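Shared chain: subunit A. Partners: subunit B in the first complex, subunit C in the second.
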Partner chain A sequence: MDGFIQAIELQKIYHVGNQKIEAVKGVSLQVPRGDFIVILGHSGSGKTTLISMIGGLTRPSLGKVYIEGIDLWDLGDKELSRFRNKKIGFIFQSFSLLPSLNVLNNVLMPVIFSKKAKKDRKALQSKAHSILSDLNMADKLNSYPSELSGGEQRRVAIARSLINDPDIILADEPTGELDIRTEHEVIEIFRNINEVYKKTIIVVSHSLSWMQKAKKVIVMKDGLVQRDIADPVEILMGGHK
Partner chain B sequence: MRVFRLAIKELIRRPQRNALLMLAIVVSIALITSLTIVGNSANKTILEVIAKTGHTLTVKPAITEENATSLGNLTTTEVVIGKYIPETVIPEIKKLYDKAIQSGWEKRGTLLTSIGSIEKEIRIEPPTWAPRLYEKVRFKDKDIIVAGVEFDKEYFVRFWWNLSSGEWPTDATRLREVHEDEALIGGSLSTALGYKTGDRITINNMELRILGVLEETNSPDDYMLFIPLKTAQKIFNKKGLVSLLSVRAMCPQCPVGDAMVELNKTITGITAVSQLDVAQVQFDFFNMLYKFLLAVIISTIAVGIFSIFNTVTGSLYARVREIGMLKAVGASGFQLLRIFLYEQLILGLTAGIVGYTVGIGLAYILNSLLGIKAIIKLNPEYIWRALIFGVICSLAAIIYPAYKLSKIKITETFRTQWEI
Partner chain C sequence: MVTSLSRLAYQNLQVKHLRLYIILIGVSIVIGVLFASSILIAGIYYSLERGLSKLGADLLVIPKESLVNLKSALLTGEPSTFYMDRSVLEEIRTLKGIKKASGQVFLTSATGDCCVVGNSFLIGFDPSNDFTVMPWVVKKMGDSFPDDGAIVGGMLPWNLGDRLKFFGVPLTVWGQLERTGIGLYDNAVFFHIKKAYEMSEKSQTDPSIQPLKPFKDKISGVLVQLSVGAKIPFITFSILKGHPELKVVTTGNIQTSARQTTVAVFFGVMVLIVVLVLSNVLMINAIFSAVVNERRRELGIMRAIGATKNSIFKLIVYESTMVTLLSGLLGMIVGGILLKIFHRTIIFYLRLLNIPFMLPPVEIIAGLALLAIIMAFIMGISGSTYPALVAIRIDPHETMKQGL
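Moving on, here comes the complex of A and B:
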């Protein structure tokens, strides 16, 4: 099997009352290490369900997810939590920061749940400082989420996703609700993370702005991969159907 | 940062909600603590009275509340001034008493040939009769009560008396002769007048030597000067008169109540009161009141816990998205459960401490409002009970919703965000 991340025939069926909703209808993906993939699609296309199955957040109805050869959905709750904590950094559109913690502690939050918490305390703090400096947030260490702009909150969430040095970053609408200028700044940060930190990134978005920076674009429609484009410029030139 | 610190920070974030949540537990603990403290202290005080008075009957002239005497900050009808029982009546009282005790035992199935005999393994000692004569005198611009007593009898009847200094005017074991000019002084009176052992005090031109100072007993005795009965009758010109007769039955289950009824029925102009019966009635009444209040409080707490459960459930579900985010960044169900449990543990312990403190204050207020006059005694066990109760209430309210939430699927927590 090729690919750092492998999704094989993923299918997700939700039961709402007597209704059966097929959110993802047998999607297979191969993501090499260090790739930067953007999944585009309209609301209801199944892109968020797909990324949440890949990230170990939603159990697929059918199909398998392998990360570095490990069958993700074969793990128990504790192992899966540990795996997510160690291997995957998540960035959400909203509700991503704890209001009771300052920027530094929000970034360090995943550490609380890892085995690193007791050791390397100083090293982890200096790592958080360094990541926040790279994201131009060094002067906001002691600020609370309510004191930050939307773009700044997003940067803190990005810093948090990097603190455990995961191999994979999964982001769901990380530029949603941001103005164009901030959106471009955030996209640039993701590109840097991919190039400088060598992280494998999968982003789910509505926005076409991602296409300029992504290495690969997947377009989803009605729970299926409609197009799989290795050269995103093609989309820009031809438009997205 | 650790899970525990995260829990503290989450608690601090919602001070008002948490304060309200704690309030229900604090009120419950305060009510239970205060009632327990007052209840136990009152019962203990009453039991001490029972233990002190034993099976004692007091016979005094028939009086009304108007005859109450003020002693320091104490107003009592136990001390009657200006009304007397002639000593000539005493043999009749004794005779009636003995007869009533005898028939009381017979009613209980014990045959008594005479007082002092042994029947069915019960030895009935003859009772001790201790007469007193009370007179009020003006001394150093203060009204003081002089009690004429027979010290050798008093020694048996007031067996809880102790001396803080000096010696007894009489001692049954040494059979020391009582001198007519010897006196004992009550603890409070000694302090008020500044008189101590060895001092001399002149009452109605009679110089008396203070032989000892009594330890405080929280009774009218603390405000009295005790002199020999014969001396008192002489200097106050009250020969052949007494103000009070105390009878100690000298047997554990003597039917003193029967004697009381018989005396009150037969002899006019006197009132007989069984101290044991009075204390027992107080004890029973207070126990009944205590049980009633406890039942009311427990019902209130049951309702309170239900409301705490609702509040906690509501507040946890309000945090459902945070919970999803914490799970997404790697928190296991057990780690999430730990956060909630720590939060509730801190709340419960804080509520326990606050509730206990408020409860102590409330106990003093209740004691004063209900006029129980119990000597409040704090027991270290109460604080442990308060803390354990606080923690149990707090945890009981959270365990189910916390368990459910710790098992929630992450995508369910982001339902509005993680669209399909």
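Moving on, here comes the complex of A and C:
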């Protein structure tokens, strides 16, 4: 198996006062390059904590994460930040855009923290323009987040995740709070990113709508992988409870 | 296009204008006060330095009793009336390490004399060996000094050729010194020492003239210029060995004591500035702590998409210093305008306090402006350091968990 992303026995324990909360209880995952995985689960199932650990945002209490053979949690903060900037595009739930920046500058934000990018401003602008055009947002370059609909904001966040041309896209509830029609549009965009841009995608959601487009579905419950479904159509036919 | 941290910081400042204005007003007031008062202090020091440098002497030998009056003499032009024997001058001249020594007689004009307005500080000097006024005479007039000539200070109202009379002795205004801001010179009338002795004699014999303390063949002080390599303590010891009734003052002593006087006057201003600076640093701290708290999610997203802790720290400090630097510039303009508007009033009140003042040269003002900007910069950094440290501790994972 291509171990492009490998999560080995990931465990996350939080200590709240004297209480010990196990958010993730020893989850292992192998993600081949170019895969499109959806992690489903209810709130508190541990799915967000899991992709946080995979994305280098929160340190696991136990276990390892390898991306292209690099032990992510062996890197120092600076190297890890650079790694995230270069290799991973993050898409968060709503309100993830900077209100002070217009669409173009929001898309370019990861560039600020990257070493390579500041050289050719024109090339960057044209790249941002091209990505936004692909997402039907070319006419909103100078708009501010407050002037955009929820779906448009999500598209800008997607464009931002692509600007540094990362290999991996990690998305946390990217269709949360969207109406059904917009949700389907966004899911379609993710499918295109996977197929056209050849990005490896891991999406965390509690919406079943993702199952039609994902190549693999993982269902989490109480910090554990409850089901690992290679053919998501199966779950559509039989349910996941 | 925003592709750098500094531009991002600038962009972020566009959002919350009220906070920006609060910092702008607070810091510009502090910088304005700081800039204006430092120009005032520098102006006073400059006047003192300029005036004292005209003295051209390394040492001043005076009767011990005169010392208490020295500061007021320098600042206000009130002379001492203590004298010493002229033979002291000859003795000093013979000492090793002395390059030049010249005696002077100090007295005050009597009000009511013809053509005299108020009290002037009268200084009799010996043109044959003087090295304080004569270099100026030679440079400006290129001529020898006439016996009845007078050189008047820059504050005195007379013109060249005006006839003056002090203690019954007529003098003609022959030259006028430029203003120094120091009372000793600005209110002084310099003339030949023999005219001073004539005044003493006349005041004793002519009942219509206010009598002076007799000082025939006496002097008020000896100005001493040392040879290269001569040691001040050694010379001082040599002078005082046979004359315990004398006191040797270095120009450094005079400057220090004059500075102490002005520093005391401005101590209150300094305390005010320190309090203002500290309160503004606290204000910046409070405002930026609120900014960081409000923007936790935003900063968490930045961390997630690749901002290092260092980048986040810099972003917050950039935002703060941009505002304080702008405030600094604004403050200097405000301070400059206030100084311009109240220039005359300030000088008037300083003179009431017997403090000399002249605007320092442009390069000193430019240096003070640079210091004010550096101060604004330091305020920005110190005010935002703690909030920036809080910001770098924001956990990007928390950002992902929010809103689920």
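Basically, the second predicted complex is superposed on the first by the 238 of 241 C-alpha atoms of A that agree within 3 Å, B and C clash if a C-alpha of one lies under 4 Å from a C-alpha of the other, contacts with A are read in each partner's own complex, and residues count from 1 in each chain.
As a convention for this text, a contact is a pair of C-beta atoms (placed from the backbone, for glycine too) under 8 Å apart; a residue touches a chain by one contact, two chains touch by 3 or more.
The structure presented is a predicted model; accordingly, all values stated were derived computationally and were not measured.
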Overlaying the two complexes on subunit A, which is it for subunit B and subunit C: clash or fit?
-> clash
Now for A:114: first (subunit B), second (subunit C), both, or neither, which partner does it touch?
-> both
Applying the touch criterion given at the start, work out whether A:29 contacts subunit B, subunit C, both or neither, answering first, second, both or neither.
-> neither
Touching A:99, do we find subunit B (first), subunit C (second), both, or neither?
-> both
Would you sort A:214 into first (subunit B), second (subunit C), both or neither based on which partner it touches?
-> neither
In the overlay, answer first, second, both or neither for which of subunit B and subunit C A:21 touches.
-> first
Applying the touch criterion given at the start, work out whether A:46 contacts subunit B, subunit C, both or neither, answering first, second, both or neither.
-> first
Stretch in clash, subunit C with subunit B, out of 91-99, 109-117 or 127-135 = 109-117
Set of subunit A residues, in rising order, touched by both subunit B and subunit C | 43, 48-49, 52, 55, 57-58, 77-78, 81-82, 84-86, 90, 92-96, 98-101, 105, 108-114, 117, 160, 164, 172-173
Contact set on subunit A toward subunit B in their complex = 12, 14, 21, 23, 43-44, 46, 48-49, 52, 55, 57-59, 77-78, 81-82, 84-86, 90, 92-96, 98-101, 105, 108-114, 117, 160, 164, 172-173
Subunit C touches which residues of subunit A in the complex?
-> 43, 48-49, 51-52, 55, 57-58, 77-78, 81-82, 84-86, 89-90, 92-96, 98-101, 104-105, 108-114, 117-118, 121, 124-125, 160-161, 164, 172-173, 176
Contacting residues of subunit B [partner subunit A, same complex] = 1-3, 6, 9-10, 12-13, 321-322, 324-335, 409-411, 414, 417-420
Mind pulling up the subunit C residues that touch subunit A in the complex?
-> 1-5, 8, 11-12, 14-15, 297-298, 301-311, 395-397, 399-404
